[in-house]
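Both of the next two complexes hold chain A, though its partner changes from chain B to chain C.
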Partner chain A sequence: MNTTKWNFRRNVVFQLFVLPALIGYLIFYIYPLIQTAIYSFTNYSMYHPNMKWIGIDNYIRLFKDDTVIIGIKNTVIYALLMTLLQNALAIPLAIALNRPLKSRNGLRLVFFAPAVLSPLVVGFLWSYLMSSSDYGLINQGLRAIGLNNVNWLGNPKLALYSILLTQVWQWTGYAMIIYLANLQGISKDYYEAASIDGAKAWTVFSKITLPLLLPSISFNTVMAMIGGLKVFDVIFSMTGGGPGHSTETIVMTLINKGITESQFGYGSAFAVVFSFMIMIVAFVQLKVLNKWEAKLF
Partner chain B sequence: MFTAILSACGGNEGNKAGDNTEPTSPSANDNTEKATVKIIGFNKEEVRKTYLELLRQQFPNYDIQYQFVDNKQFTNVVTTYLASGEGPDIIEGADARWIAAGYLEDLTSQPFVSKYYETGLKSSTINGKVYAIPLQSWFEGIWYNKDIFTQHNLTPPKSFDEWMDLHDKLRAVGVKPQAMGAKSWEPMDKQAMGVALNDFYSKPENKDFDEKFGKGEVTLSEAWLPAFTKWDETIAKKNLTPDMLGVEYDQALDEFATGKAAMWESGPWAYDTMIQKNPDLKLGMFPIPGTAEGSGWLVGGPGSAWALNKNAKNKDAALKVLDFTSTPEAQAALIKDSFGTSFLKGADNSELPEQYSDSKSAFDEGNVYAPWANWGMLSGADLILELGKQLQDHLAGGTSIEEVLKNTDKKAQEIRDSMK
Partner chain C sequence: MKTLDSYKKTDFILEALLVILAIGMVIPIYYLLITTFKSSSEATLHPLWLPADWKFSGYADAWKAMNYPRVFLNNLFITVSSVLGVLLFASLAAYSFARRQTRLNNLTFYFILIGVTIPFQVATIPLFRLIRNLGLIDNPLSVIFIYIFTLISFNIFLIKNFMNTVPIELEESASIDGCGVAGTFFRITLPLLLPVIATVAILNTLTTWNDFFTPLLFLQSREKGVILLEVYRNIGKFAVDWTAFFPMMVLGIAPLLLFYVFMQRFIISGIVTGAVKG
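Our next item is the complex of A and B:
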């Protein structure tokens, strides 16, 4: 058997291993995606099981719907702040815990532990801690030091940011672990050379550490942004979208329209728009970060 | 419309009929295989404990499974089940949308349906077809701590102004007047509607308002505004405060049960939990008062019911369970764990327990009603949820009470349009 034939056969055999995953992907990802896109042009609902083609009506309605606008606004604020805060805290934390401290393993565990909890559990836990009733532990603490109660989850202007705090608490440790792994891969030679040159701490950070952390910055910010855009469970458990509609996010509105109100066609249109939103944000983010990486190196 | 729930269920006629309503369903002893009967409900299992035990005794060859889903997500969960052609055999409630979509079995011709009074069947009857059998009635009023009231020489109020004064008096002696878990949409909806029941629904000319509202012929903002404006005094007087928006139902229950607040709004299903938390608690319940002095109104009615999934896997077994539920024995078991009255002809409705004695005249006058149950296709959870969200926004200082009702009307129209 000649080499070309053998290589071809071997490639076919190797590609066959991909087939089960490919079939699964087509059935569970691509097919529902196409189906959702088709539904989005129909009036399909619980009352209209025999759907009718209505063109782009669902899309037009979407941008006139106040609750959809609130959902998009809240999600964008949440995702942006989540990405910024989580990473701004995780980097110094990782640098601190990369130092030869005696307690560093214990501290790493403490900071990472919240990430293994379910967001639902975290939500229920924090909603009790932040409660404005007499049982709210945080307000008990504030009262003990002579401060007033804060209506963490009951104030429409504050509730979204209170939820954000709990999520920063939960995920900063996760981002920190990724930065730590990256930091440990940076050669000590760079720092020794900088030390010999008499570089100051900020110069060492901005000229050595930060550029070499860029791959994990890209990964963490993209993940945080996508996670922030998809947020649902923690908000569901902490406020249920309230008070009023004040903490409703895109996914929550999507579930309300598509499932609770059984407007499957309308919900599908929202899902399509949302998918494009995530794709665009991820694409732009990666492009910007890649450019930044190229510039720094 | 306002037929008294108690009068519908009590009386001699019922007792006579009782002879004919002995358990008629055959037990499943003749079955060789154990069939699973799945029931899904928004009441916790302990609220159905005695009834479920009775079912398991009656049907030893059935595996009776009960699934509790919190009210917040109940409609979503059941809708998803039904839309996928799956789901439990027996479902609590008969959402008008499930009926419209053909997910629920038409029970009209089942012999057990005729054993119930029409008042109980009304909310689950659409176009003359019955889709669910009523369980015991539910009602909700204002629980109060009798010890606190006695200690400060206070009595349950007869009018809304008296109720507001009561809050002031309690505050003056350093007692928090009212606990409220306004994080849930329910309590404010019900308190505001309670005033509307006194001031609007009690007038004969408004007796068909809800049916008309369901069809879009009238609006809430025109009809309910005076009553809701009256209720709004409770916010102006800071009896309901924005910090309550950060409090859960269970936390408000705790606050009241441990004596940290003098009043709390809920129903009989909370009684056992409160007594477990504080066995020394002496409780009473008074109805929500209106502008004029009177007996007050309780929010409630035949809200809870068993419907049959059209795609039930064990329809025959489920029908036998529904048949057995339509016996005085099963009704008594339901009432044992959550007090209410039965709509079954011949059911021996027990005496009103002592804790509800302040509500007796409201019961006697038939002052128990839940408007949304008669909104036809709008009677699902969506609209009352929206009203609750609007009221939350109002309590937080976001919208006026007029806007609350206008926005709810807007949502009602959106739902009607989506059905066209």
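Our next item is the complex of A and C:
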């Protein structure tokens, strides 16, 4: 057999293996992404079907548009708090479950369970639970112990945090599972040595556990952050962005401007800003975490 | 070792606290299930009690109103096709990236990784036009293609990382024996990838089954819709009897909840593997 010809054929086959993925990726991801960038510099909309180049006008308009600013503000608050709360709760929970408890497996199953539910349905369910009507379970409970009703979703100052609460309920177990796996991979020798040295619990946590959890902290916080910035379903079902614009988020505003109102160019400019936001946030987060890691070791 | 790992008195308190917390976390789900068997007046009066007399008609009505068998099959078709598609295309590409580190291949790999960082929602507007121009609006293929090719980046990344841990010697001896690239891949490598394939299948099943955004945009007729669209469309139709909506929510989450109950160990280990390798 001619080896060069054979090798050439093998290389061709190897390249062919990439093709289906690459072609689909180009058509359904890269091409629309590039178009978004192009649209963002045009006045393209239902009223201007023949798009005209208008430079950065859309971008200037964005920063004067109150609904856009509110959407960004809500989303950033939501994503930051989500990341913080979810991980601040998941780490102690994982450490607790790492003890040889009798009900460990059962508890693990229960804490994780909400993560398999659809956020849309979770949103609907919690909007019943938080309702101010007679049947609202949470307010019934508050009244039973002599407190006043709380208008969880109707109060514009509170609604975003009420939604956040449901998502902490839903996703903390998910993060916990990942922390737990990481904990189980940590060698017992470290703890053995610490206990011989008579180290205090807090010292053990901050000097051993936390640094060794860094890989999963990176993963979980970046995922929580990106998930938070993309939040849509749960808000759609709980408040639809209201009351007023108090719970409107980026993806929601994007759909409103870009599809419902058919302002394709303007919506695209917002999308471009959004994608830069995500990239910057993820980049900064990983940099900070790496620095933290470098300082510790 | 024993002192650290054995059950201590403080662990008993810890366990008691965790069990209380777990019960608290389950209450919403318990409430959802139990309310489906009650009339609205009973549900308002005694929200957490077991029903005095069990009412099953709610499920029959919800089943009919949602056209459940139809939307369930639509969901199943979309999820199975997307997961199989991602598995096939991603593992083929990952194989090439892992085993042929030519400059072109490496560049392509990094180019595909862009898909991990920028969410496809950014490209929704042109994507919507593209799907319309392809005549795929209201066709499950639209959703399937979008799932496959927007999830593929992360999956290629995951499978390639795993493949780096699979010993190459077996493949080499197969190719010396005259086995072609495709033959080696399907007969030797693919079986060794089973753990990561299980992970990928589980992660993608959870993501695609529960996705609401994509079907909302691209599947517009009720005939072609998925379960969550029916849940969404039916809310508000039962203004008088609010409990009528609860069986629909249960039918909305039941498939994945059952999947979880039966596959919990695989699901949890799948998610962990995805996080550790990813």
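We take it that the second predicted complex is superposed on the first by the 281 of 297 C-alpha atoms of A that agree within 3 Å, B and C clash if a C-alpha of one lies under 4 Å from a C-alpha of the other, contacts with A are read in each partner's own complex, and residues count from 1 in each chain.
Note that contacts are C-beta pairs under 8 Å (C-beta built on N, C-alpha and C of every residue); 3 or more make two chains touch, one makes a residue touch a chain.
Keep in mind that this is a model prediction, so the values were computed, not measured.
In the superposed model, more residues of chain A are touched by C than by the other of chain B and chain C. Within the superposed three-chain model, A:Gly240 lies in touch with chain B and out of touch with chain C [touch as defined at top].
Using the contact criterion defined above for the overlaid structures, shared-chain residue A:Pro49 touches chain B, although it does not reach chain C. Within the superposed three-chain model, A:Leu109 lies in touch with chain C and out of touch with chain B [touch as defined at top]. Of the two partner chains placed by superposition, only chain B is touched by A:Gly154; chain C is not. Contacts of A:Tyr25 after superposition on the shared chain: chain C is touched, whereas chain B is not. By the touch criterion defined above, A:Ile259 reaches both chain B and chain C.
After overlaying the two complexes on the shared chain, residue contacts for A:Tyr135 are found with chain B and with chain C alike. With both structures placed on the common chain, the touch criterion links A:Ser268 to chain C but leaves chain B unconnected. Annotation: chain A residues 128, 134-135, 255, 259 touch chain B in one complex and chain C in the other. Touching chain C in their complex are the following residues of chain A: 10-11, 13-15, 17-18, 20-22, 24-25, 27-33, 35-36, 39, 93, 96-97, 99-103, 106-114, 116-121, 124-126, 128-129, 134-135, 137, 140, 169, 174, 177-178, 181-182, 188, 191-192, 195, 215-216, 219-220, 226, 230, 232-233, 236-237, 251, 254-255, 258-259, 264, 267-268, 271-272, 274-275, 278-279, 282.
Interface residues of chain A, counted against chain B in their complex, comprise 45-47, 49, 127-128, 130-136, 149, 151-156, 239-246, 255, 259-263, 266. The residues of chain C lying in touch with chain A in their complex are 1, 3-7, 11, 14-15, 18-19, 22, 25-26, 28-29, 31-32, 40, 43-44, 47-48, 88-90, 92-93, 95-97, 99-100, 102, 104-105, 108, 112, 114-115, 117-130, 145-146, 148-150, 152-153, 156, 175, 180-182, 185, 206, 210, 212-213, 217, 228, 231-232, 235, 242, 245, 249, 252-253, 256-257, 259-260, 264, 267-268, 271-272, 275-276, 278. Across the complex, chain A is touched by residues 72, 75-76, 79-80, 83, 97-98, 100-102, 179, 182-183, 185, 242-248, 251-252, 254-255, 260, 381-382, 389-390, 392-393, 395-396, 398, 415, 418-419 of chain B.
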